[in-house]
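Structures given as structure tokens follow.
Both of the next two complexes hold subunit A, though its partner changes from subunit B to subunit C.
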Partner chain A sequence: MTYHRSLADREDVLGGVMLAPALAYVILLVGVPFVFAILLGFSNATAGSLSFEWAGLGNYIAILGDPIFLRALRNSVVVTVGSQVLVVILATAAAQVFRATFRGKRFARFVLLLPWAVPVSLAAIAWTWIFDSTFSVINWTLKATGLLHGWLYWLGDPALALLAIIIVQAWRIFPFATVIVLAGLSSIPQEIVEAAIVDGAGFWRRLFRVELPLLLPVVAVAVLFGVVYTATDLGVVYILTGGGPANTTHVLPTLAFQRGILGADLGQGAAIAVFLLPFLIVVAIGMLRLAHHTEVGGAR
Partner chain B sequence: MKRVALYAAALGFVVFAGFPFYWMLVTSFKQNRDLYVGASDLSHIPWIFNDPPTLEHVKLLLGQTDFPRWVLNTLVVVVAVAVITVAVAVPAGYSLARLVGRWGERMGMGIFFTYLIPPTLLFVPFSRLISLLGLQDSLGALILVYPTLTIPFCTWLVMGFLRSVPWEIEEQAMIDGYSRLAVILKVAPRLIVPGILTVVVFSFTLVLQEFVYALTFISSVDKMTVSLGVPIALVRGDVYHWGALMAAALFTSIPLAIVYNAFIDRFIQGFTMGAVKG
Partner chain C sequence: MAGIEIRSLRKHFGDLHAVDGVDLSIRDGEFLVLLGSSGSGKTTLLRMIAGLERPTSGEIHIGDQRVDGDVPPRARGIAMVFQSYALYPHRTVFQNIAFPLEASRTPRKQIEEKVRWAAELFSISRYLDRYPRQLSGGERQRVALCRALVRDPKVFLLDEPLANLDAKLRNTARDDLKRFQRQIQTTTVYVTHDQVEAMGLGDRIVVMEHGKVRQIGTPQEVYEDPVDTFVATFVGQPPMNLLDAGDPSHPPGTLTGFRPEHFLPKSVFGSGEDLHTFRFAVRRVEYLGSDRYVYGSVAGGGAPDATIIAKLPATIALAIPEGATHDFAVPRRALRYFDATTGLRRPA
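Let's turn to the complex of A and B:
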């Protein structure tokens, strides 16, 4: 009984037991596949057979000499950077609007959150219909207002298709960023803002000199998540363009899927996906620095 | 004047964010002869109902497609994933917040970081692993793999949530003679209920949204979830039934939007990781 009693009071034992399933899940089903993902990149594994042979840098040499891969890598960077620039601008502007009180704000907020709530694949199919080559409502509206005289083949032209992808990614992520920036705005000490007003700072001065510098860590969190969500997203490009026309709009995840799963060349698919790591490492370092920053700030 | 600018800006954001959903709504209930008029015909306004609305697309979706089946599949996966996530993440979150001491914060951070490892990096090895386990083309594959996405985030959420729950209630129970284990089994569950609710809701939204693993593992139409079946299997060859497609997208978006609206603040607390001290 005493033994039971003491075991039932040992916090380290209880803590370990309760943590073990989560650690096991994460190690076995995230950690191991992660290592396997990197190893596969150096192998000639295919989906059909169980053979698993070392291929050295073969896959990497193959993809680095492949213009389709280089294009996909470039597209991934362009889409990620382009959409996140849009997200930062839209989110800081939207946060300024949604911190104010106005009639219909609850409804407006509900609508603002829709793009983030909807499944990526369903949003992408809706945008596919909006960008349709024959029935695009955007083209109709541009023509009806006299802004467009020719015709825009949104998903048929490589440059326009990339623009469409950037728009959809920004559309899907800016609500999330807005909510995060709003949370940051509400945590700015009111005294600082009031002091700025007393000192005679106008709206713009207050925004750029006082609030935005204080908001920087929060905007950074929004951007870091935004980078992960955009760079690693498969659904938008897969459904919107399928990598077309003529493989010009592939991003790393869609090309990895095409080669690794559809083409059954697991080794090459894994090697392509490995190029997502730089994006993730940048984000991880950013987050650690932020966490450290706030820890220091909190200790003061 | 300032008010006018505010309303104009708010309207602009609402239009940008909401326009695809308005478009789903209009498309879902338009008659085909109203729907399929080329955009170069400027006399036909696509933004409004030029003919009376119709339910034919909704009837097609519910009666002649596998959509009801996909809803059922999705619900099965949601329930299983939510159960696994609660069973694994809630004790882990409690352990990190209350039991393992000063290691808790760092380990919590470590577990959270695995949330950043995306499906698009892991789907290649998983496709191999799933076929080795004989789970290819089954809901079991999704039920096994989806918790890798929910557990890290939910562990973190529960840990953060417990930080805001005062320790005194549990402390008092121990003073009253409960063992540490008895506190965990009898007192803690009541305190954690709102945290568990958030975990269930997060699992629900994640399963409804996930696309990459579903696309990788599932190939039979009758095993698909909603987010996979609608964009992949509702398109027959090159024929897009846009009315039914948009109705499916709309019906799936509405419950998710309501849930998000209610739980947004709790999710945000998880994402901002203390960068925002609220």
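Let's turn to the complex of A and C:
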């Protein structure tokens, strides 16, 4: 009797073979560009030229003295934090609604998920119409209901434009967060909720003292995703305002794109983009610790 | 404190009649056990009393207050202990016990006093700063009882609170529970599928099946005088033996029932006893330490393969060889008769 060990039997070799495509993908398409971006940040490379000279911290010093960059950095923080606060509130509320049984729940859930499925660029174009200076449906509605006297130039006013960006970013992430919170809610044992009811806790006490604390790890994960998606997003701001008016609504990705690609200053563009990294790392670590802590330790 | 009155209570889930017309009168201070297998409607009945489930029709009165309808759980003066204990995992033992007091806006100082008093009563004072996950099953169960107790409820509702404990703990927990209930004298409704728990705890037992009450009575009444074959076989372990003995003193279609512990070798009875004797073909003898279970069948009447069980206490040392036929007997006073078609009890 002959006995052949085929590849499928050799776990030592098989492991490496199976892992190889994923490894190749991560190294070639994530690792290399990432290292390259960091290197570019320390160079004075330009698009359209192969020259590559060290510039040391030159790019960083330049952007830190640039008011447009500082504004973009501030905007990035404001947009990310603002949209995520909105997302958490909306997602928690929506999850409560979708937990109830009502007619047309399946359809409503389908509609809820639509923003998540729509391509960013397409959605942003729709939103430019909603915020249009002449045809803004928000303005027309407010006018018709008598709530607005005067006119809001959504994308023409720096503060309103930033608010518009926050709204669109929140709208984009909110369905995903709702689904996550819904999953978290369904993982809370029914008996715990019922115990709270029998213990005399009303809706708000149940929500804030029982359900939300138990949901905290799940919400942390949803927020982490939201932060990463929002902070790194280029499309919404680029299509909605293009960084305008007068460069007041840039966020780091749009500014990096403008400087590095459109302005051909690859070095400075890379430096701006890399600036995001430490923030995202800190946020990610914080969120993961929170999630881990509440899950295992139970302590505040 | 209050009794509970339940009148023609029904709960339908679509076509399923989970509770199908229950009338029940629970006395003030009574320990009442709802006993039934899963799907008998006992938990649904308890949840309707708690207000977690809305009756399809019928009435529930707690004390002199009618509560079916829109009276929310918190206005019913009830406290409930769940099978999983349903402790809040993110709150310490202290915060768990304090939760219902916080919900009723009790002053801080009073909360502190009450929690410490309850924790003392159940000897869990040492654990007040711990989280539920750091406790054993028995400790968690006591925390759940504490949380129920601090509200000074008119009625305790317990949903299989011992089911998640291991067998060793269950006996002491049962004893603790009963002593505790005697001490505070609060009306208690206790749901279980375990007839040993039901017998040991209940002042009265309500045997339920398919959403209907089969029998209400003291543990002794339910055990000794079951109203039908369902109760006869559901209560008692091993269950009551039922066979068509063809007893000439009864009309045809009568089942004869007797408890395994009354079915003993004829020789152990005194001569003055009025006995019904059976020829018992022994198949197998099970030695269980304190008892022996003898499995076999009796000649004459009934399906020949119907298994009859005898439960012999260890005090009867008589050898029972397997595969042989023996003379076994039941005292006539221990015989119960049932209608073979309806299952209902017939007079002796």
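By definition in this document, the second predicted complex is superposed on the first by the 276 of 300 C-alpha atoms of A that agree within 3 Å, B and C clash if a C-alpha of one lies under 4 Å from a C-alpha of the other, contacts with A are read in each partner's own complex, and residues count from 1 in each chain.
By definition in this document, a residue touches a chain if its C-beta (ideal position, glycine included) is under 8 Å from a C-beta of that chain, and two chains touch if they have at least 3 such contacts.
These numbers come from a predicted model, not from an experiment.
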Simultaneous placement of subunit C and subunit B on subunit A, clash or fit: fit
Subunit B versus subunit C as contact partner of A:Gly146, first or second or both or neither: neither
Which superposed partner A:Pro189 touches (first subunit B, second subunit C, both, neither): second
Included angle at subunit A between vectors to subunit C and subunit B, based on C-alpha centres and rounded to the nearest 10 degrees: 90
Subunit B versus subunit C as contact partner of A:Ile197, first or second or both or neither: second
Touching partner for A:Leu214 - first (subunit B), second (subunit C), both, neither: second
Subunit A: partner with more touched residues, subunit B or subunit C: B
Which of subunit B and subunit C A:Gly260 touches, first, second, both or neither: first
Partner chain(s) touched by A:Gly65 [first = subunit B, second = subunit C, both, neither]: neither
Subunit C versus subunit B - closest C-alpha approach in the superposed model, Å: 12
Residues of subunit A that lie at the interface with subunit B and also at the interface with subunit C: 294, 298
Touching residues (chain side subunit A, partner subunit B) in the complex: 5, 8-12, 14-16, 18-19, 21-23, 25-26, 29-31, 33-34, 36-37, 40, 45, 47, 90, 93-94, 96-98, 100, 102, 104-105, 108-127, 129-130, 134-137, 139-141, 143-144, 151, 171, 174-176, 179-180, 183-184, 186-187, 217-218, 220-221, 225, 228, 232-235, 238-239, 252-253, 256-257, 260-261, 266, 269-270, 273-274, 276-277, 280, 283-284, 287, 290-291, 294, 298
List of subunit B residues in touch with subunit A within their complex: 3, 6-7, 9-10, 13-14, 16-18, 20-21, 23-24, 27, 35-40, 42, 45-47, 87-89, 91-92, 94-96, 98-101, 107, 109, 111, 113-114, 116-129, 131, 144-145, 147-148, 151-152, 155, 179-182, 184, 205, 208-212, 215-216, 226-228, 230-231, 240, 242, 245-246, 248-249, 252-253, 256-257, 259-261, 264, 268, 271-278
Residues of subunit C that touch subunit A when the two form their complex: 50-52, 72-74, 78-80, 82-84, 86-90, 99-100, 102-104, 131, 133, 147, 151
Complex contacts: residues of subunit A adjacent to subunit C: 189, 191-192, 194-202, 205, 209-210, 213-214, 294, 298-299
